[in-house]
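The following pair of complexes shares a single chain, chain A, combined with chain B in the former and chain C in the latter.
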Partner chain A sequence: MGIGTQIVLQDAVNGLLLGGVYAAVAVGFSLVWGVLNVVNLAHGALVMLGAYATYWFAASGHLDPLATLPVVGYALFLFGYGLQRFVINRVIGTSFLVTFLLTFGLQLLITNLALAWWTADVRSVTTAYSGWALTVGAVVVPAVRLVGAGAAVLMAAALAAIMRWTQFGMAVQATALDREAARLMGIPVARIYARTFALAAATAGMAGGLISLSFPIFPAMGTGYTLVAFVVCVLGGLGSVAGAVVGGFLLGLAQTFASAWVGPNYNNIVAFSALILMLVVRPAGLFGRAGHFRG
Partner chain B sequence: MAEPTAGTSLTRAAEGLIAIVLVLLLAFIPLVASTYLIRILTGIFLFVALASAWNLIGGYAGYADFGPTAFLGIGAYTTGILMTQAHMPFPLALAAGGLCAMGAAAGIGAVLLRLRGHYFAIASLGFMLVMEQVAANLEITGGGSGMNLPVARGFTPFYYWMLTLALAAIGTGALVPRLRAGYALGAIRGNQEAAQVVGVRPLPYKVLAYVGSALFFALAGGVYAYWFTFIDPPTVFDPDFGIQAIVMVLFGGAGTVLGPAGGAIVLKSLDILLTNTSGLLHNVFFGGLICVLVLFAPRGLVELLRAGRRHLPDRRRLQRSGAG
Partner chain C sequence: MKGNHRALVSVLGTIGLLVGLAGIRPSAAADVLAIGAPLAATGADAREGALSKQGYDLWADTVNAKGGIPVGGKHYQVRILYYDDQSKPQISAELTDKLISQDHVDFLLGPYGSPTTFADAPIAERYRIPMVEANGAARKIFAQGYRYTFGVLSPADEYAVSMLKAALTFHPRPQTVAFLAADDLFSLEVASAARDWAQHHGLEVVYFQKYPVGTTDLSAPLTSIKALQPDLLIGSGHLQESLLIMKEAQTLNLNTHFFGFTVGPTTPDFAKALGPAADGVFASSQWTPDVKYQGPVFGSAQDYAKAFEQKYGFVPDYHAAESTAAGVALQLAIEKAGSVDPQKVRDALATLDVMTFYGPIHFTPQGINTAKPMVTVQIQHGHVVTVWPPDVASARAIYPEPVWSARR
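So, the complex of A and B:
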């Protein structure tokens, strides 16, 4: 195996590992967009909250980030439920600018309150296995990143299973297809909305927990992840878990290869170019159907 | 627009007189006011210009541009580079910055303005992030370490530059509804398909509105750069400029002539009074304000006041007709 092939392989692995995290960030964003028709600009802020919750468990309680993941997810579930029920629910069905601005305002509030409480310091979570790495041939796979990407894909699969096989999931799909018809069939639409948003917040929080394993955390980290989620949804197509996962891997690969070949400081340029290209060539994304959510 | 009757021509003359007196007053303020007040007013004019400029694309065309700061940055950097590298006088460098931004807006607008709703909003925001990264990666911009502009001799010229910009932006906003393009934009905002059916080609008009908005953002950016003498990518590509402008337009009433300016004056004053230039408090204030505004007055305060005034006689008329 030549050195060139080895580098390409290593980049491909790195890209897939990054893509797994992107997928975890994007599934919830896609769910809320597809079902509630809300582009939640505060999604990244929820990821940040999850990352900080994980950090505090690890720093003050010496608890393993993976073990606290369900707790973090549940906390964000409750937070998301309240946020949807009392704030976002008031603007459902109005113009997109209103929901867009509202979630932007929430993002600004959450981020800056976090900045006030936790300062702008960059923190990181260190575990006993933080230094471990698998070596396959010449390719090095850091343990935390493998675990992060693996857990992300598992989480996406669980979400897909919930959407496809539970009564709740079917109610969500029905609501996404036709809100009025779902209401007529006896589906409590407001409660479905709140639970969907809560579930998305839970996935965002857990994604934050996985991110804290291998990436730095700071209050303003959310904005970048919101942009990532949007690009991933456009790439993979709105409203499907599979789309978010494939879109996440695509963006992860594109950014990793671009940073290897062009330079490390071009990630936004790559993401934006991918976004524009996709919107011009195939606006529905690879798997997408507008106004629809599939498991 | 008002119908041309004898009464309105009189009020129009009165309005014109008030406007002239107001502008003269503003022009004389630097002769008597303290440096602090001049500085604050200059900051307010900056946002009057930005809000009125955003109103062209966001209000008249109804296209929610979330990345107008891209053009502020382009203007700031073009002005800075031409002044330091080519030793151009400030007004020329500023004009070049405006032209540069117009070119960029025409090019990127021709692609982005085909998108709608969320897609346009995020794509425009993405464009701003790209420009920030381009500025951070180039050598001529000084990269991430930024660049220093020549230091101006006094502060008062910036007051007049920003005042001129603010008035020009308001003037453009007043002019647009009287032009053919204004009618076209109104039709596009109302229903793009219907506009197309009656023969309005949407893209050129949307690009025109985008280019106009970009011009004022770039000019404001150029003046800002010379005023603060130091620029780097995070300061001049700060999305906060654009977001503040959007909130001011919504607060004052989108698609109106004076609403954005009013929104800018009220919100910037409140911002200065309440947050006392603390960046953190400022963001919390604006975040909270956006939420409250969107939840309770999504069409702006002006609309709320207008609705309140309209309700009274309507209800009376209803009761009368019900009784009769």
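So, the complex of A and C:
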């Protein structure tokens, strides 16, 4: 195996592992957009909260980041539920712009509260297994990132299963298809919305927990992930778990190869070129259908 | 006639009142110097901005506790007025204008970072208000012919070069170097200067790439670098990117003899965030608490570090020290001018030649302080120690750095 092939393989591995993280960030964003028709600009801030929750568990309780993931997810579930029920629900059904402004404001508020409470210190979760890696030939597969990407796919699969096979999931799908009809069928739309948002917040929080294993964390980290979620949703198509996962892997691979072959400075250029191309060629994305959510 | 008289009296009375008020104002404010500082509290530079603010505050509090700055028999207390420039040059420039035109500050202390300093300098120039800055090292700032901007720190081209100078004294002599630079004015200037220096001193530059500021992933360039097996890897960027490079180098098992960063390892967060993984990492620094300098206001570098630690609970890095030094330079210039007139203080700054806890301060005609050398430091057992130049060094460098499997 030549050195060139090794680098390409390593880049492919890097891209897929990064893509897993992107998918984890994007599924919740896609869910909220598809069901509530809200582009949640505060999604990245929820990712940041999850990363910090994981950090605090690890730093002050010496708890393993992977073990605390469900707890972090549940905490974010409750936070998301409250946020939706008492804040975002008040503007649901008004214009798109109002929800846009509200979530933008929430993002600023959460980020700046984090800045005030936790300072701008850059932190990092370091575990005993942080440096572990599988070596396949000359290709290194970092353990924490493999676990991160694996957990991300599991999380997405669990979400898809909930959407497809539970009564709650069907109610969510019905609400996404036709809010008024769902209400007439006796589906408590406000509660469905709150639970959907809470579920999305939980996935965002767990994504943050996974991110904290491999990347430095700081209050402003969320903005970049909101952008990532946005691009992934456009690529993969709105309102489908499969779309978010495939879009995540596509973006991860595209950014990694752009970095490797053209230069690290081109990864956003490539990402947003792909976004524009997709909007021109196939506005609904690879898997998407407007006003719909599929497991 | 009588009506006219009364009108005249009331007009005169009003004028008198206004003059009186006007008279009261300067005398009440006379003993306080208002100093403006647009400084990042949010945005990409929030962390460094906070460190700079602590440096400025420590200077102001120390001066005020000592009774203020003596000028012609009077003692002026200093009051620093901060605005958050959100790490954005455009906003920083607008705030500088606001500080001067609306808040009527007497002097300016600089923002954090070269892009913002570059944006603020022309505003200071336009209003002829001296700006002593501590956190903008790009040469470009000082190549515009400005007369009111003074930087107390060593210029950008020294940042990475000082690490290369140190590396060339190590055995075995390094042969190859890779550079990763953030795509901003300062980081690129630092890396480009170091690349030129390397090429002129027999080091082969095997990799040179820039990445967008605040990037979340650098595994691709690190994979390319790993294949090239350079002796030295120099990162020219910001704290979070330096951390990212170390974390990803660890997971990719990328080993070099020398990981060096222009920004990061000297801030307390770095070793705290990485733990044992930080051991052996090199950095250049404007200043360390173990250098052997001494001067007015704070005494020695060690005295300064002690005062800082007492106030904030941790040992200061160079961001805080250089910011304090900017305040000290301004203070010494005001004392030397014997006046608070901006023009006279500017002239005093231009000819200032003093030794401080931070090192010698003497500005070139362009306004940058080249009198003070940079130092190269290394993290050894969780502590930042100075390893170069030999005359101020407190420890011997460990080279080559341990491989990843040996860092736990």
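One rule holds for everything that comes next: the second predicted complex is superposed on the first by the 295 of 295 C-alpha atoms of A that agree within 3 Å, B and C clash if a C-alpha of one lies under 4 Å from a C-alpha of the other, contacts with A are read in each partner's own complex, and residues count from 1 in each chain.
We take it that a contact is a pair of C-beta atoms (placed from the backbone, for glycine too) under 8 Å apart; a residue touches a chain by one contact, two chains touch by 3 or more.
All values reported here derive from a predicted model rather than from experimental measurement.
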Notebook entry, point to check: Fit or clash for chain B plus chain C once both are placed on chain A?
Noted result: clash
Margin query: Taking the superposition on A as described, I'd like to know which of chain B and chain C A:Ile276 touches: first, second, both or neither.
Written below: first
Margin query: For A:Leu66 in the superposed arrangement: first (chain B), second (chain C), both or neither?
Written below: neither
Check: Touching A:Asn268 in the superposition: chain B (first), chain C (second), both, neither?
Finding: both
Note to self: I'd like to know which partner A:Leu115 touches here: chain B for first, chain C for second, both or neither.
What the structure shows: both
Note to self: Which partner chains sit in contact with A:Gln107 here, chain B, chain C, both or neither? Use first/second/both/neither.
What the structure shows: first
Item checked: Touching partner for A:Phe96 - first (chain B), second (chain C), both, neither -> first
Next item on the list: Using the superposition on chain A described above, determine whether A:Ala12 touches chain B (first), chain C (second), both, or neither.
Entry: neither
Checklist line | Of the stretches 146-154, 164-172 or 200-208 belonging to chain B, the one that collides with chain C | finding: 146-154
Checklist line | Residues of chain A that lie at the interface with chain B and also at the interface with chain C | finding: 111-112, 115, 263, 265, 267-268
Notebook entry, point to check: What residues of chain A sit close enough to touch chain C in their complex?
Noted result: 3, 6-7, 10-11, 14-15, 17-18, 111-112, 115, 119-124, 126, 130-131, 133, 135, 140, 142-145, 214-216, 218-221, 224-225, 228, 255-260, 263-265, 267-268
Next item on the list: Could you pull out which chain C residues touch chain A in their complex?
Entry: 41-44, 46-47, 49-50, 180, 183, 209-212, 214-221, 223-224, 226-227, 239-240, 243-244, 247-248, 250-253, 269, 272-275, 277, 404-405, 407-408
Note to self: List the residues on chain B that touch chain A in their complex, please.
What the structure shows: 64, 66, 111-112, 114-115, 117-119, 121-123, 125-127, 129-130, 132-134, 136-137, 243, 246-247, 250, 280, 283-284, 286-291, 294-295, 298
Notebook entry, point to check: Within the complex, which stretch of chain A touches chain B?
Noted result: 39, 87, 90-91, 94-98, 100-102, 104-113, 115-116, 227, 230-231, 234, 263, 265-269, 271-272, 275-276, 279-280, 283
